[in-house]
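Chain lettering (A, B, C, D, E, F and G) follows the sequence in which the chains are written, and residue indices restart at 1 in each chain.
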Amino acid sequence: MSSIAPEFRLSRFVASLTDIIFWVVVIFTLIGLPIVLILLFYIQLPVINDKLLTPYLALTWLADPSRTLPIVKSLIHTDFFRITTFPGFGFAALLAAGTIFIERKLLAKMQLRVGPLYCGKIEGILQLMGDGLKLISKEIIIPAKADKPIFWAAPLLFVGTAAAFISLIPVAPGWVVADVDVGLLAVFAVIGFFPIITLLSSWSANSKFPFIGGIRALHQMVSFEIPLILSLLGIVILAGTLNLTEIVESQQHYWWIIFMPIGAIVFFTTILAELERIPFDLPEAESEIVAGWLTEFSGMMYGLVQLGSYLKLYAFAALFTVLFLGGWNGPMVWPPFPQEIITEGIKMGPITLHVPGLPLLDQEMLNGTLWFTIKTVGVILVILIPRGVFPRIRIDLLLHTGWYKLIGLSFVNIFIALTLVYAGVLGPGGLIQ
Amino acid sequence: MADAVFLAISVLTIGSAIASLEVRSMIYGSISLMVTLAGVAGFFLLLDAPFVAMFQISVYVGSIAVLILFTVMLVRRELLFHKIEDPRRRYAGIGLMIVIMLGIGTIIIGSGIKSMEVDAPSVDFKEIGKDFLTYYSPALVVMGLILASAVIGALTLARREDVTNEQRTD
Amino acid sequence: MHRFLYSPTGFLATLVGEVAGSFSPVLLMFGFAIVATAPALILSRMIAPRRRSNPVKFLPMECGQVPSGEGRTHFMMQYYAYVLMFVVFDVMSIFLYAWGSTLLNLPKSATLPIIAFLGIMFASFAFSLYQSGRRNIW
Amino acid sequence: MSNELIEFVLVSVALLAIGIYGLAVKRNAIRMLFAIEMIVNAANLNVVAFSRFIPNSQGQTLALFSIAIAAAEVAVGLALIIVAYRMYKNIDIADFRSLKG
Amino acid sequence: MTAPLPPGIQLEKADDRIMTLNVGPQHPGSGHMRLIIKVDGDYIVSCDPDPGYVHRGEEKMAEYRNYIQNIPHLERPVIHDSCNILYPYCLAVEDLLGIEVPERAKYIRVIASELNRCVYTLYWLAIYGIFLGHSTMFMWPAGDREFCIDLLEAMSGARVTHSYFVPGGVRNDVPANFEERCLRQIDYFEKRLKQYEDIFYQNPVLKQRTEGTGVLSRMDAIRLGTTGSVLRSAGVDFDIRKKEPYDVYDNLDFQTQVLKEGDSYARSRVPYLDMLESCRIIKDALRKMPKSGSVRTKLKPNPKGGNEEAYRRVESGRGSLGMYVVSDGKPEPYRVKISVGSFRNLICMPYLLKGEKLGNMPAVYWSLNYWPVEADR
Amino acid sequence: MSSAWGIIRALNSGVKHLAVKRFTLRYPEEKLKFVGDGFQFDPQTGVGIAGLKGRHILFHDKCTGCQLCAIACEGIAEAIAMVKVNETWKHNKKTIMPQIDYGKCVFCGLCVDACPFYALYMTNDYELSSFSKEALIYTPSQLAVNPKVNQDVEIKIDERGATHG
Amino acid sequence: MSSEKTTDEKSIETVGTKPEVAKKEIIPVIEPKFEKSLAEKVVSKFGTIVTIGFIKPNRIRINTKKENILDVATFIRDELNFDHAESVTGVDYPKSKEIEVVYHLGSYTEPQLAKQVLTLATRIPREDIPNPGKDSTRMPSLRDVFYSVEFHERECFEMLGVYFEGHPDNRRLLLPEDWADIPPFRKDFNIKGR
């Protein structure tokens, strides 16, 4: 018995943890610190209050709380912050984690049950963390004849590609990781990587069910990429640009969904298909092909694929918001930052505290983020609901839907856009402008 | 620094191009080809042609590589690793490659384009659309014809009506 | 357009050019995501038990039976035609973007070639849909 | 623009040479397709590079056409390979000699 | 008797295109059984069912136990339909022993067996839902099943394995305020059942997916000897409750549900309509049931059967369920044969799955109303 | 068009159920109420009295050690064994009483049917899980204890759906 | 209702069904007319080949020899319109060294016959040391007559060792692949501990 499942020993666990911490510290001091020090020479340092922010200066300023804000502000406006935290990975991962929780609770409510309940005292809010810990502590099993490099790389590449997709989404005015002129085309280019990763991972497992699942995923994603591309052409025609930021700015007065509901429906359907969500979750159809291309993934590899797919879900929902729902546009509801604090400082009884560097973030950005988040969460909710309502579709029906109905509808959408332009309703010199 | 980026991309491109032809496994060869094509897209970015670069990625990597991978997976496995090559032919090929590289390289280096360097702003990608629909519009129609004939031809070829009475010979 | 106050990629942009510089965050984000999530795999590999006592555990999933035959076989679905079609019509749809993004600046006469192009593509689309819809030949 | 035209042209020459090598040496049909792709890409790279240094848009237009045609060519080529594979159960070019008629 | 394959699909040949898939026993899309499926691309070329993973030799075990002791373990093959599988056994043993059942017991038996039919059918429907990827249709029937289980538990004292029927009646009388409680819950249950229409049965995605798949024609259904919902969905009006009424079914007001299409959709719909009909039967039986009286004929300890045989059948959740009991004058039966609907419908599986798409496999397989444990016995 | 209408109907039905009460019983905090005190049997009429077939209760003052329950169980689960007890009862000459192994018992209640002396009943207690097999074997003295149960949740049916408790 | 009838009307004829057990007391019965007419049809066609086991309400039993079972079954299918088999049962009688194979036949097409179950039984020799498929315990398969017996006969083969000649698919069905004991439903196969 002990050979199969030895008992959990706290001492062994703690020993392994201390081992890990020890090696991390050693490796960091031996390799990491020199790299950081060398990099510090080459990185252009920001200038704050007419002083070059050297590490020494930063340390001295950190000791003075009133001076930390400029440093924080300068950090916020770096690309590193963008990539790791706000419009980039951290924000998306947070929303993705929220999505998982909302999905479980919403689905449970629709199915007249409770959902996660005990983990975290309040309605199972820490369930995700528990699941993550469980996945990390599970053994990763790799099939014997698997193609190991591809098999290991596939989950990471999946997450990475999803993150690259996220980097193209503008969240608030000026807050986008990569402001690309041909943003929409870049989105299509990034989406094109998903079928390859799926196909390769399914091939590398050397198992039948993942292989069938991967081929199904390939067919499905490939078939729905064309309606996806075509359904957005109407917006490009009307907005006259491919830059996502400019597309959002073109929707200041009205959202494109008003003129192109058909395009929105087509795009929404293709989102469901690209995300492999019910009713289009054929690549993971558990009753036909065990778990599709995820069959052989175990432990944290599966967790990473799930993380990637929820990041992808966030990215697509955000893309829908950006393209059809006007992105960050919305009435100004965020209260303006009180001007007297900037000019006079914070009055606390007799003391007046002058804080340089306020406001940390401008009002426009906060308001835009608020609206963007609200809209995106709304879209995510709408993406989640079909999971409780529809059964899974069959692959030939799916392909039929994609190639016959959705492409036809997206051409209808294009013609609507053309009519709007040539009839003089929209576009330069149009009625509504 | 720019040279470093350029050097990195060119090493990646050419290295993976060689790998795609020489790696034993056809799947890895296809992946290397993908990397080559993506590297060429990187060159396009360096050349300030984002539209072409994105087109390259979404067409080559997004669809052609998928098709190649898929077809490679259709072919039986032992054939993918099966490699019959005449070594003499191989050396001749390498020689040919070096001759071409050196020959054309010397010609190019000797020619006048070495001095070509420009600081003019890059062309907006919207110009391409204009080109397509004004000056090159006949070409666009011919392009359509080519695509149409390609899809018709491919579909007609790849179907397997006649395969039912085929027997395996080996 | 909001300019970055401080950005290494802005610094990159001065070196590799504006366009390539604007694309570099995509790659950086790709790299960061991998760097940020790879520790999860490494940690899992360190924490999680690894037992190789039973070789059956490492067999591919075959519903509890001993696997028969190759996992990677010559397997072709009846929908191969759609993949072939995708290659061609993907090109077509991105071509349309070259037209669509400049439509507002184009003269009205520019509609004619695109109508001809679309007409040809529609015809071939109809034919190929008919062909790929005939399941018995695939 | 800090890179010189000559660098791009040299890379494209290298790609072309590798492509020609592949075409000459490899007998596997799919590998030959890879080589053809490389040659096409070398040409594209050349065209785009020249169009950047003579600032006009026509090189990019040509490159787009070329990529599109390459896509069509790959579709047909792979279909041919599949047919040949079905008939001969092989993808070695040398075995396709009896393909006449 | 071979099913047609679509043109162009190859039969087995020395070709790489054929891939053999083991669906089961460790597969979310199969019960405790294995389907050896050969696929050509997306089409199933041949299917070979391999049951027996839960075979436990109930028939052999029954030869070692007396007529009463057989009751708890004869219900084991279908614990979700345990009243119905004991029903033919009790009828057959009553024939052998010559016992008469009190009138009230007959009505209680009918109510219990109809409730149990609902329990089984809801469980089946839940799995049908999850087989088609409809998770809500998994949760709703699994939750609504509790209404019937609660009622059965009030009657018999156990939630699943009731051991309620005995030769000569039922084990105990229903509790005091059972009738109004039953009526109230059944009313609500009927309301809940009608809500399945919108989300499941009239769902266009489901209809597209299941209509016209796995079509079993009327003649084939008869020749293959199918039974239950499979038979009735193919247009054959055959329900043992009507045709050979046992106990008090001839007094009750109900109809046989017959559909003509014979496809997966019809096969999945007939049990649902049956459930609605069961609600009617229960209400009617509650109305007509004698208010008091004995519910069990007292037996001698170790009753001995005569030197004869009896074959009785009832309509269970999966169709005709027959018990063939041979007695040789001893307290134990000489031979017990359980002729179950699942096993009789199993023969359709290779026939219907041949030429289907792989995606239709769960839809067709589970619409056959097949319960692996019962088929293995 | 009809399919679009069907999709809307399905979505509507799904969204409407967000407002329906949950049916789930939160088990360890809430326990379902059962009819009566457990399954009992009246040997005179030969008919049982409805109730949950849970853990047995053995009345030592009525058990005669006749082994009928063990004989009844023999062909079913073989869960009942007769063991010596240290008590002395006038009616129990052999001083043996049933001991039940709940690892084997199937809760069919035929032992209750077999008891002609009203000595063996079943109770509403069903929470018998334990960490070892030995703890599942209930000796006659353990069986004599009347279990404490607090089960008070019933199905409530109202306009907004049925709910437990 | 049904128990009433069967207690009153028991069959007189138990010819050859249970040779090893003594007959019970004979109860005078009224034979149901319809069932009797069906049985008479069979008897008038085949004469002494078949014997009527019993005639009860809704139940008829016909015994026959294994050589004639194909003809009898074909006649029952074509003339009497019994179109499917509900079950195939084997009963082992080690004392008389025989195995009785019982087909329960029913009808879906004829509304009159819906409540009838016709029991067609035959006896085949049994060997003490069974060797399934290779000994004399064999009989012609009824699969070509009633298609629905296919899986039932497979089950009967593996459980009792009765080999059905002409059955296309005499493989294992329920038992594990490596089962090497005697067929388990024979009386000399004992459950452990019993």
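Please note the rule applied: a residue touches a chain if its C-beta (ideal position, glycine included) is under 8 Å from a C-beta of that chain, and two chains touch if they have at least 3 such contacts.
Given the structure is predicted, the values throughout are model-derived calculations rather than measurements.
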item	value
Chain G reached from chain C - shortest hop count over touching chains	2
Centroid comparison with chain A (C-alpha atoms), farthest chain	G
Geometric centre distance via CA averages, chain G-chain D, whole Å	75
Gap in Å, rounded to a whole number, between the CA centres of chain E and chain C	48
Inter-centroid spacing, chain F versus chain A (mean Cα positions, whole Å)	52
Euclidean distance of C-alpha centroids - chain A vs chain C, Å	17
In chain G, residues with contacts to at least two other chains	none
In chain F, residues with contacts to at least two other chains	7, 10, 13-14, 23-24
Contacts with two or more other chains, residues of chain D listed in rising order	1-2, 64, 67-68, 71-72, 74-75, 78-79
Of all residues in chain E, those that touch chain C in their complex	6-9, 16-17, 19-20, 22-27, 30, 34, 41-43
List of chain C residues in touch with chain D within their complex	15-17, 84, 87-88, 90-91, 95, 98
Sites on chain E touched by chain F in the complex	64-66, 68-73, 136, 143-144, 146-147, 150, 153-158, 161, 163, 171-175, 184-185, 188, 192, 195, 198-199, 202-205, 207-208, 294-296, 298-299
Chain C - residues contacting chain B, complex	12, 15-20, 23, 70, 72, 74-76, 80-81, 83-92, 94-95, 98-103, 105-107, 110, 112-114, 116-118, 120-121, 123-124, 127-128, 131-132, 137-138
Of chain G, residues touching chain E in the complex	1-4, 6-7, 10-11, 14, 17-18, 21-24, 54, 58-59, 83-87, 89, 91-92, 102, 104, 108-109, 114-115, 117, 119, 146-152, 155, 172-176, 184-185, 189, 191, 194
